[in-house]
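You will see two complexes here that share chain A, one where it goes with chain B and one where it goes with chain C.
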Partner chain A sequence: MSGYSITDPTRRQKWIAGTLVVLYALITIMPLLWIFMTGFKSPVDAIAYPPKVTFQPTLEGYVNLFTTRTRVAPEQLAALPPPETWYEAIVRNRNMVIAGPSRYGQRFLNSVIIGFGSTFLSVFLGTLAAYAFSRFRVPLKDDLLFFILSTRMMPPIAVAIPIFLMFRTLGLSDTHLGMILLYTAVNISLAVWLLKGFIDEIPREYEEAALIDGYTRFQAFYKVVLPQAATGIASTAIFCLVFAWNEYAFAVLLTSGNAQTAPPFIPTIIGVGGQDWPAVAAGATIFLLPVMIFTILLRKHLLRGITFGAVRK
Partner chain B sequence: MSASPIDRVAKATPPKLARKIRGLSDRTIAWIFVAPSIFLLLAVNIFPLIWTINLSFTNFKANRPGREIKYIGLRNYERILGDSDIWLTMQATAHFLFWTIALQVLIGFTLAWLINRKFKGNDLWTTIIVLPMMLSPAVVGNFWTFLYQPQIGLFNYVVSFFSGVDPSSFSMLGEVSLAPWAIVIVDTWMWTPFVMLICLAGLRSIPDYIYEAAAIDRASKWRQFWTITLPMVLPFLMLAVLFRGIENFKMFDLVVQLTGGGPGSTTELTSINLKREAFEKWRTGYASAYAIILFVTVFGLASIYVKALNKVKER
Partner chain C sequence: MAEVTLTNVSKSFGDTRALDNITMTVPDGAFVVLLGPTGAGKTTMLRLISGLEHPDAGDILIDGQSVVRDTPAQRDVAMVFQQYSLYPHLTVRENLAFPLRSPVLRTPKDEIRRKIDEVAEVLSISHKLDNKATELSGGEMQRVSIGRALVRDPRIFLMDEPLSSLDAKLRADLRVELKRIQASLGATILYVTHDQIEAMTMATHVGVLDSGTLIQFGPPREIYERPVSQYAAQRLGLPRINLLPANLFPGAPPGAVTIGLRPEQLIQGEGQESTVVRVEHLGDQSRLHLKLKDHAITTLTDVHTLLKPGDSVAIAPSSPLYFDAGGTRIE
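Here is the complex of A and B:
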């Protein structure tokens, strides 16, 4: 740091600003902490009044999330051999036995398959297109770029009507392939815009030197440009993944069972008399945690990703 | 990383073909690189759009594919523009748009301005504030219905703790007067960090020497704020408003989970209304016309806005 400057905030100013920001951060993090805590509460603690901050933690929510259970009569329960595992013991405490696994695991796996599948495709295609837009004189370049961006202005429901009909005709409804193609198409605009920005920043001279050394365009592209753009490609991939991971509107309209992802599924987790909040919170925690970790890893490129590369800092 | 498949292809390619590829002109390579993306967008975006335009002139119902499709001209459009329910939907959307953007700009800018005081640990706290923005709106929205429960909900408890109102006396999602605000609160909670990040970039782009010069000229802090800070952050702020405007006009997941459009139709935003017409009442032709009207509206407003934005930038 340089010495004293008249534009530097005073220590008192810093202190006041810091306190206010920390206060806001604590308020804003509260709902997320509450999700995390509710996942470890018993059903009774979860709906206690006043809301409980300290409680006896239990894994019941997580057990309920991953299993389906049936109620049995107490005398039947007593006749059963003692529970073999800790999770069976938790379920038995509620006069129930485990009937089988729930659908959460499969829905989560669908999210992973569709998320990673569409991310790979959109980053692959996006890198190629972005390189071409960045380095070559593509006819109608500005129109094409604007066209790619404008596809993001449509409300998803408006696009969903013909896509629903199209998928029905092609047999793509409720399939992984259909969802991967759809999310790729949505993400490609983001990928092209972001990656074009990243590739624009790599000096052309590097490739030109490679071309003079006898590399072909392809070789120059993958031996010189790709390694230079690695950080950009990685952060673009994470943004695409987060979008596909969080997407709800298309998922709820175009999938019902086989290819349903976690976001439409989690709100439908019900227990006795309404939503089973500890199980919902447990499902949400597992689902949200990866994105939080990615956000922390990405914090330097966050701004660029959310503004389609319009603001670079 | 992604070079390896290309590498393998290159090695597997017989020498004769390889020589041909070597000879490809830049122009050909450009098209090979751009074509797959454009093709995918044409197939999944433009073709459906044209299909929607076509359907919007028909009485087609997707739940009865066997029925004969009749072209009915502009009847769907006339019906939509004459429908008073749609205007109520538009009002709900306008209320939602206005208040979310106003609150997010106000809070987001203030936060950015405070963070720019560069107090110790501001990076850490910025990252924490940003978290809600990246999460799944459907999953988080669903959990907010729990926080909003009368009596047991955390939100009602906190409100009653500070105001003394009985926590079971009001239901944020169940009352006609409160539900529009319930969705504004959650959206503001979720998206304020977005505006904040963009404002922060704007504030950081202002070079120190401008303030130094102003201080030497004895301009008051107040005057510096209005004549330096605000005008220089304005293009950034307008960009943030553009993004939030488009996103919230499309708003679906968060509000569907929170209220489902209710109570009655007080929070039935355009996307939710459209979903009802298209996928519950199955009036496909009518909903297609509706979708086209929405698209033209967003596109038109966004274009005018971008022109204004560019003018501000040039100044």
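Here is the complex of A and C:
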């Protein structure tokens, strides 16, 4: 140590801060770790008490997640030809045969379509609206912005009944389009407000320079504003996706056979008869992946400060 | 290269009258410097000509054609902003290419390269061409900003205090460079500044603005020697013109309330005795702060002067400027 500054934390302060961060990380990661591990346990291990930390991993949970099975008598099982695949072998061990694929894949696909669809729509409309609010003289601007925000002043589920009735009348119940529109409606206020903040910070001089450089207003928006708003767009997209992806109550209420998303489906995996916790945990683990990947991909945009410093304040 | 005409142009922002009934003709190839304090309407005038703002009243003509209905792109003008506005997500080269790649110009690739190299050479930023715009120093950013205007061949250049953020050496270099470019291109330039050296050295014409009105428009020499008012007289000249009660010295014409004395209009060694308050040795000149009957006077004196505070100097006016009660100059 060559010098010492009162603004630098001391070794002791760093140590305390580090410990707190590690503790917090452990606490938050524990449930995720639990779910991840349960997905690879056998049904017996999954409900063992005290909980098992070391166990023989199995893919049974994942096989059960993606299949439907029927129980057969041991003598019938013996009469069958030997299993052709590893997953069939796992199922046979439990005196069952595979009857067909489960609906998890399709529910997962619904989640992807509805989650990413509504995220795209929210961010797309949100960016345009935020740009307009930020740059143009919009009549009643403040009132409109307040109105947009006010849509989030109660829990969305509070309007479940009117939405349910509206959806039934409009034929939007249990459709992908209906869910995309619903989640977009919920997310758009967040998107407009977040993005307006980001766009407000982009100096107008950039667009003015582009206008004089021979570009139209839209080209200036596209070539100059959009790249600089990338950070804001990325973080807004993550917020929107997390909401739409995890939403449960509306999904239970408004979807069933056709457009059901994964959240209301996963609890139903638990099954009839035995409680298949490993399959539920496997479903939850796979369900976590897209948001995780999406966040990791956009992570570098979440770091602010790329565009700072090019305009003299 | 073009002539710009403003006829009865007015512009208000809310209750603030930014420009009030401005009529002015900028001849083709002129280098017009707009002078005036903050809020005088200098920047507004550039923004109106560029098309970033629309006048409330009046007409703006470029080469005799009204452009008030045209978009900034259609007007074919280049502008250097006071707050240099380089696109931070692009490199220096891409920044310079940006106007050339616009839908109005659509310059071929090799032509873009040639022009960028040429302009980068002039502004000595060739070695920074592949840097991100954010990785430049303030001076470099401003030079790129000027470069972005120079790569084009616009009808008019608009420059809003382009040199104000640069250090003295760079400012002096670029002043000469800009003047040279203007002369060689025959460009029409409207240039906003606070700096009177810039005004005196570069301008073919000076426009003096005061809270939205054009006080005087003409060659810098004329404005310096024959200002229409006290206000215009104060805009040019360093040290500033001394404004004193007219009756301090004999010989004031009837109606004169104020006498204006520039350093060269003060003869030392004759007339009334004044006291030396302070001497500032600036190297190339020495400034003399005097006191005459409680009135402070600033003038220039010999570089190697031996005067010191407390000494006495006799001063007399020589062909001074006189102003009436309203501040208008009396011939």
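Quick note on the criterion: the second predicted complex is superposed on the first by the 274 of 313 C-alpha atoms of A that agree within 3 Å, B and C clash if a C-alpha of one lies under 4 Å from a C-alpha of the other, contacts with A are read in each partner's own complex, and residues count from 1 in each chain.
One rule holds in what follows: a contact is a pair of C-beta atoms (placed from the backbone, for glycine too) under 8 Å apart; a residue touches a chain by one contact, two chains touch by 3 or more.
None of the values given here were measured: they were computed from a predicted structure.
**Q** Taking the superposition on A as described, I'd like to know which of chain B and chain C A:Val224 touches: first, second, both or neither.
**A** The answer is second: A:Val224 touches chain C but not chain B.
**Q** Is A:Leu177 in contact with chain B, with chain C, with both, or with neither (first, second, both, neither)?
**A** Touch status of A:Leu177: no partner.
**Q** With the two complexes superposed on chain A, say which partner A:Ile270 touches: chain B (first), chain C (second), both, or neither.
**A** The answer is neither, since A:Ile270 touches no partner chain.
**Q** Count the residues of chain A touched by chain B and by chain C, then name the partner with the higher count.
**A** After superposing on chain A, more of chain A is contacted by B.
**Q** Please indicate which partner A:Ala132 is in contact with in the superposed arrangement: first for chain B, second for chain C, both, or neither.
**A** First partner only.
**Q** Determine, under the contact definition given at the top, whether A:Tyr248 touches first (chain B), second (chain C), both, or neither.
**A** In the superposition, A:Tyr248 contacts chain B only.
**Q** A:Thr151 in the overlay: touching chain B, chain C, both, or neither? Say first, second, both or neither.
**A** The answer is first: A:Thr151 touches chain B but not chain C.
**Q** Could you look at A:Tyr215 and tell me whether it touches chain B, chain C, both or neither (first, second, both, neither)?
**A** In the superposed model, A:Tyr215 contacts chain C only, not chain B.
**Q** Find the residues of chain A that appear in the contact set with chain B and again in the contact set with chain C.
**A** 216, 227, 306-307, 310-311
**Q** Which of the residues in chain C come into contact with chain A in the complex?
**A** 50-52, 71-73, 77-79, 81, 83-89, 98-99, 102-105, 133-134, 138, 141, 148, 152, 165
**Q** Inside the complex, what are the residues of chain A that reach chain B?
**A** These residues of chain A touch chain B: 5-7, 9, 13-15, 17-18, 20-22, 24-25, 28-32, 34-35, 38, 47-51, 123-129, 131-133, 136-138, 144, 147-148, 150-166, 181-182, 184-186, 188-189, 192, 216-218, 222-223, 226-227, 230, 233, 242, 245-246, 248-249, 252-253, 262-264, 266-267, 275, 277, 280-281, 284, 287-288, 291-292, 294-296, 299, 302-303, 306-307, 310-311, 313.
**Q** For the complex, give me every residue of chain B touching chain A.
**A** My answer: residues 1-3, 6-7, 10, 21-22, 24, 26-27, 29-34, 36-38, 40-41, 43-45, 47-49, 51-52, 55, 62, 107, 111, 114-115, 117-123, 125-140, 142-144, 146-147, 151-154, 157, 167, 189, 192-194, 197-198, 200-201, 204, 208, 211-212, 215, 236, 239, 243, 246, 249-250, 252-253, 256-257, 270-271, 274-275, 278-279, 284, 287-288, 290-292, 294-295, 298-299, 302.
**Q** Help me check something: in the complex, which residues belonging to chain A touch chain C?
**A** Residue positions touching the partner: 203, 205-206, 208-216, 219, 224, 227-228, 306-312.
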